[in-house]
Every structure is written in C-alpha cells, then in structure tokens.
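Next come two complexes, and both contain chain A; in the first it sits with chain B, in the second with chain C.
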Partner chain A sequence: MLQSSSPRTSHPLDLPLPRRPGEVSLSAFTLLFSELVQLHQTSASSVSDFESLLSKSGWEVGSRTYLMSSQVQGGKNREIRVLGVLQFLSSTIWTSLFNKKADSLEKSLNSSSEYMIHDSNPLPTIFCEVPSSLSSFNPASFVSGIVKGALETAGFGCEVTAHRVDEGEGNRTVFLVNFCREVMEREEAFV
Partner chain B sequence: MSLVALALVSPDNSPIFISTYGQSSDPPAASSDPISDPFSSSPSTKFSFIIHSALDHLSSPTRWQTPKHLLQTEGDQNQQTSKTETAKNKNVQLGFLGHIVPIDQYRVYGYHGVNGVRLLCVIDEVFTSTLTPPSPIQTQQRFERSLHSLFYRIYRMYLMALCNPFHGIDGGENFIKGRVKDGKYWYPKFERGTRAIVEDFNESGGYS
Partner chain C sequence: MSYLSLLITSRSGGLIFHTPLSPHTPPLQTNDWLRIGSTFHSLIAISKTATPTTTKEGITKVTCDNINISILSTPTGIKFYLVSDANVTNPPLNEIYAAWSDWVLKNPFYEIDMPVRGERFRREVERICGYTR
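Our next item is the complex of A and B:
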C-alpha cells in the first residue's frame, strides 16, 4: 500500500529562509541600488545633477530610518545637541542600516560647524566602480543623502558631501557635515 | 468626554492632517472659501482656531518642558531610570505633553513626535456618557494615561503612513516636512485607522 509522506518531513525548498528579522540579502539590495544608479544616470544632465538626484533618494531613506530608529528605541529621548545626534547617527542608524558602526566621528579644525564621519567601505557602494568618464562622481552621495535626511528630520539643517580618500584600492570615504547657521546659533545658546 | 477633533501639525507649524469626529452641533463655517482653503470640506473653522491657539501655547516659553509627572515610568523600581530620563529630557518637548490649554468648553491635549511633528486633540468636556460626573484626581490621571496610549497609537499609524514609498512620489520631502499638496490628502489608510482608534476611544467613554 502506498503511503504518503508523513506531514513532518518537508522538502528543503519549502523550509523558510533563515533570516533575522530586518535583514535583507546584500545581493537584493545591490541589484536595487544598481537600478537606482542607472535610473538617475539616464535622467541626470551633469555629474553634480546625478549626485544630487542620488542624494535625494538617500534623503528619503535617511529621514524614515531616523524616525523608525528613534521609535524602536522607545521614543523617550530626542536629540537636541549636535554631538548627540551625530553619535546617534554614527552608531544606531549606521548599525541598523549597514550592520556596523561608522569608523569615526571627528570635528573639523577648520570650521566650528563642520564634522566628519569616516567609513572605510560604505555598504551601498562596495561593488561600485566608477568609469573614468565620470571620474568626479562619487556614488557614496547616496549615503550622504541618508545622513542629510536623518539630520534634517531631527531638526538640524545641514549640507553633507561625500569625499573619497584616495588610497589606491581602498574605498575610504569621509562624509563632511556642515551645519547651517541657525543650528550653530542654537547650539551656542545651550552652553 | 469625547474626542471631537484631531490635528497633525508639521515642525514648521503647517497642518498635515486635521479631522473632526462625532456629531458637531455647529454648522460648517460659511466663511471658508472652497478654492483657497483646503480644509473647507471637512472640519469647521472653529476647531482650526482652537488648534492654532493651542499651538501658540506650545511654543510659548513657559511650555518648554514635558510635565514631570508624565515623564515617570511605571513602577517604583524604575526610579533610577526615571531620574536619568528627567535629567536628559530637561528642556525638551517630547512625547505626551499633557493638557495644553482649556478653550471654551474644550480641552486640548498634545503629543510631540521625534521629528517635530505635533499631534493635538480636542476633548469635549461636556459629559455625554452615563458614567459618573466630573472626576477626582485619580480618574483624571487614568484618563490622561489612556489618552497617552491613544496618541501613541495614532503616532505609530503616522509613521506607518510615512513608510509607504508611494507617499513620497511627488516630492517625498514635502510629505515628511508636512506640506500638503493641492490641499488633497492621499492618506486614506491613515484616516481610516485614526477614525477607528478615535471611535473606539469615544465609545469606551474615554478609557480605552
């Protein structure tokens, strides 16, 4: 007599993918990012236009990530100091997005309103290789858009730019955050 | 006590969402111009005025801090954490702001979100339920706690609406910063969800 297979044994293809909640496969994200870059490349008229379009997409990600991260933390603390929000960004938000903390956070010696976030290999751009025809383009402008979105949603208006530190093969990037005048004046009022 | 109006205001004081609930005995204001005023189709201007004056109260210097009794966590074993939280939260408006201002027969309560968005609700003080009349302190605090959870649920609905990728399609910045496009609201799910939460709250007499 034929017996159907017992309900306990299941085919390997039916088993759920072991994945921690909130994690996305790198391949899936890289495919999406490559499509995003190609979309902007066709619609942009110049390199700076290309960078600003990519940065705008990053803005949306950054602002939503900031809101959700602070909600997940309990929503009990709102960052009102510049250093506080930058530390929240470089640790909590970087971890929730890229599964690691940013390498370092520095204050610029040249100007009081500039801060720098170092990242040795920003996750969205690990497979990016810029063609020589677009040598001045930096795909990490997506991440600088994320930073800008998170900071602006927290109430700190700023300009963020991404700069590649030339080390030959390495992809070390520095994100320069320049807070606007109102933010610095507000910060001084706290002291 | 019933919740008669709810408004969501962006960080630069422009309205994102405004809605009234329950029967309103006032006829809609005739002065609203349907072309220039995006809110002419729904709530009367009376609630808009009430919410505007409550916003002025929020930005006045006497209201910089969240009231202390609302900052404490439940249970005495959390005394340590509540102390550090009060220290950190000094001079910061965050979370449930409590009672803001009484206007006419209404009371306005507020909630401050992390990105500067404020939720204001207008409570009708006239007792319409069959429950006991104006409450002593304990029932008042219980009422405020249930209002706190109401605000929390509505704020989470707002966050869910924000995460919808289609809401940014014509300028995501405008949606998150709260600029209403052409006076039209594209948030039907948010509207339905908040309506359900508010009606649930009103039906239970204000104690959900």
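Our next item is the complex of A and C:
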C-alpha cells in the first residue's frame, strides 16, 4: 500500500501572509546594499543620475512593502487621506522595514502640499561614508525612493527628495514629500 | 594601559591605515609608516616559512623592554598591528577587526586594498582604545 510519509506541503501562495515580516541580518543587508550602490555608481553618468537610479530601486521596495503591509494590517479600509497615508508610512511601513518608527512627521509651513518625515539615522545608510569627491550625493535617496514607491502605489502621486541635516554625528535626514496638484485637489474635496 | 599606534596592512603588504593613539607616538612621516608596515608584513611571511613547525599565524606578538606589538592576521590577509605599553595584557584587536568590518568593509565607497580615507573608522578605533585628541 502506497502512503506518503511526509505531511502534505502547501503552496506558498496558499499560506497566510506573515503578521510580522521576518528579520534579516543587518550585515547581510548592508553588504547587499553596498553592492547595489556600487552597481549604480558604475552605470551612472552624474550624481543626480546616480541618485535617481538608487531611488528607482527603492521605489520597487516601497511599492511592494505598501501592498503587503496594507493587506496584513487591516486591508479593509484603504487610506484615502494624505495624513492617514503618511502616518501609515511613517509608523507601519517604517517599522516593518527598519524596525523603528520615523522620528517625526511634520507639515511644511511654506506649502500646503509639502510634508516632512524626519529620521535620525536611516537604516540603509548607517555605514555609508560618502567621499568628498561625491559630497553632493545622498545615499538616503534609496529611502526617498521607498517613500515615493509606497505613496504612489497607495494612489498619492508625489515627488520625494532626501536632504541631509548637518547636526553633528550621524546621518540625520529629512524626506520632503511634495504631493501632486491632483492629490491636493482631491484632499480639498474631503473637507 | 595605553596604546601608541595602530597600523593595518593589506593582503599585498601595503599600509592602508595608520593612526596615532597617544600624544607620545613618535611623529613619523607617512613614508616611514609605509616602510614599517610593509617590513612587518614581510617579517610575518618570513616567520611562517622559516619556522620548523607548521604555523598559520606567523608572528603574533613582539615583546620589547617597554612596548608590545600585538598582531592579528585575518583569514583574508589583512593584518592589524597594535603598538602598546608593555603592561597591556589584552589588546582589543578583535574589537578593532569588528569595527573594520563594520565601518570600512560595509561602506559602499571603500575599495578593497586601497587606503582608508573615512574618519568614522578612525573615530571608532580611538573610542575602543580610549584615546581623545
């Protein structure tokens, strides 16, 4: 009589999504990120090109993380307000990627479509030390790509730039999110 | 306990990093440091072939009347030389090696076998050895 001794294995797609994403070694991640930066550096023609290539890689990460997090954490109500999606980004997505929340979320005083996310030391850039010949390059553009990818996948078109804040040690960075006109018009219709 | 200086040579024997760790470190020119680094690298290679027993490490410690030189040879061929007072018993070479793998090897802009230019590793070494400028 034929009988399978091993328990029936289920297909990965039939398994429920993990509540918390698995942890990855920081060293393994950093070495992979380092290779990614070097790969883009060799193919980039200028510093701004280099940043946009790195940002595009981040876009994919942000987009996928948003899709998964929004399914796992209450997939029923999708965020439709600007503040809601930004809070979801700076808490839930930040935690699932970097294991901490973003330090603060602020609204810009200059423009109603601008928001700022502060992070005292963005995880991918912890070990990056940019040489003086590339001083205008900011490795946190990878994280700004993640922010852009998550927001655009959520239906909030925007431009995101990373700015380094020179405050002593560390890589204190501000991510400036500038939403498109259409998003702001939609936002005003809610009021 | 005090440390005088740290030298690091690449797998081919070139000096890729050196830093003073005390105000009493002799003020040598960079060329002199380069010479000292590559001389040590060669001495270790000689010690490995000249010993009658099989040794993997070669020289690990040089003892003088008032200073010690502790040497760590890593599997990738990078060598760390820490010059310290004779009373230092437990040189933090493994800690320095860990700092090297964090702050130098994980930096995307560092090229293998090239001199280290960044300041972060130097600051970390100074912290480990308790040296404040």
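In the analysis below, the second predicted complex is superposed on the first by the 169 of 191 C-alpha atoms of A that agree within 3 Å, B and C clash if a C-alpha of one lies under 4 Å from a C-alpha of the other, contacts with A are read in each partner's own complex, and residues count from 1 in each chain.
Rule of thumb we're sticking to: a contact is a pair of C-beta atoms (placed from the backbone, for glycine too) under 8 Å apart; a residue touches a chain by one contact, two chains touch by 3 or more.
What you see is a predicted model; the values in this text were computed from it and never measured.
Of the two partner chains placed around the shared chain by superposition, chain B is the only one that A:63 touches, whereas chain C remains out of contact. In the superposed model, A:128 makes contact with chain C only, not with chain B. Of the two partner chains, chain C is the only one that A:38 touches; chain B does not reach it.
By the document's definition of touching, of the two partners only chain B reaches A:80; chain C does not. If you check the complex, the residues on chain B that touch chain A are 11, 85, 88-89, 91-95, 114-116, 156, 159, 162-163, 168, 172-173, 176.
Looking at the complex, you find that chain A touches chain C at residues 27, 30-31, 33-35, 37-38, 41, 127-131, 134, 139. Residues 101-103, 105-109, 117-120 of chain C touch chain A in their complex.
Interface of chain A with chain B (complex): residues 56, 59-60, 63-64, 66-68, 70-71, 75-78, 80, 153-155.
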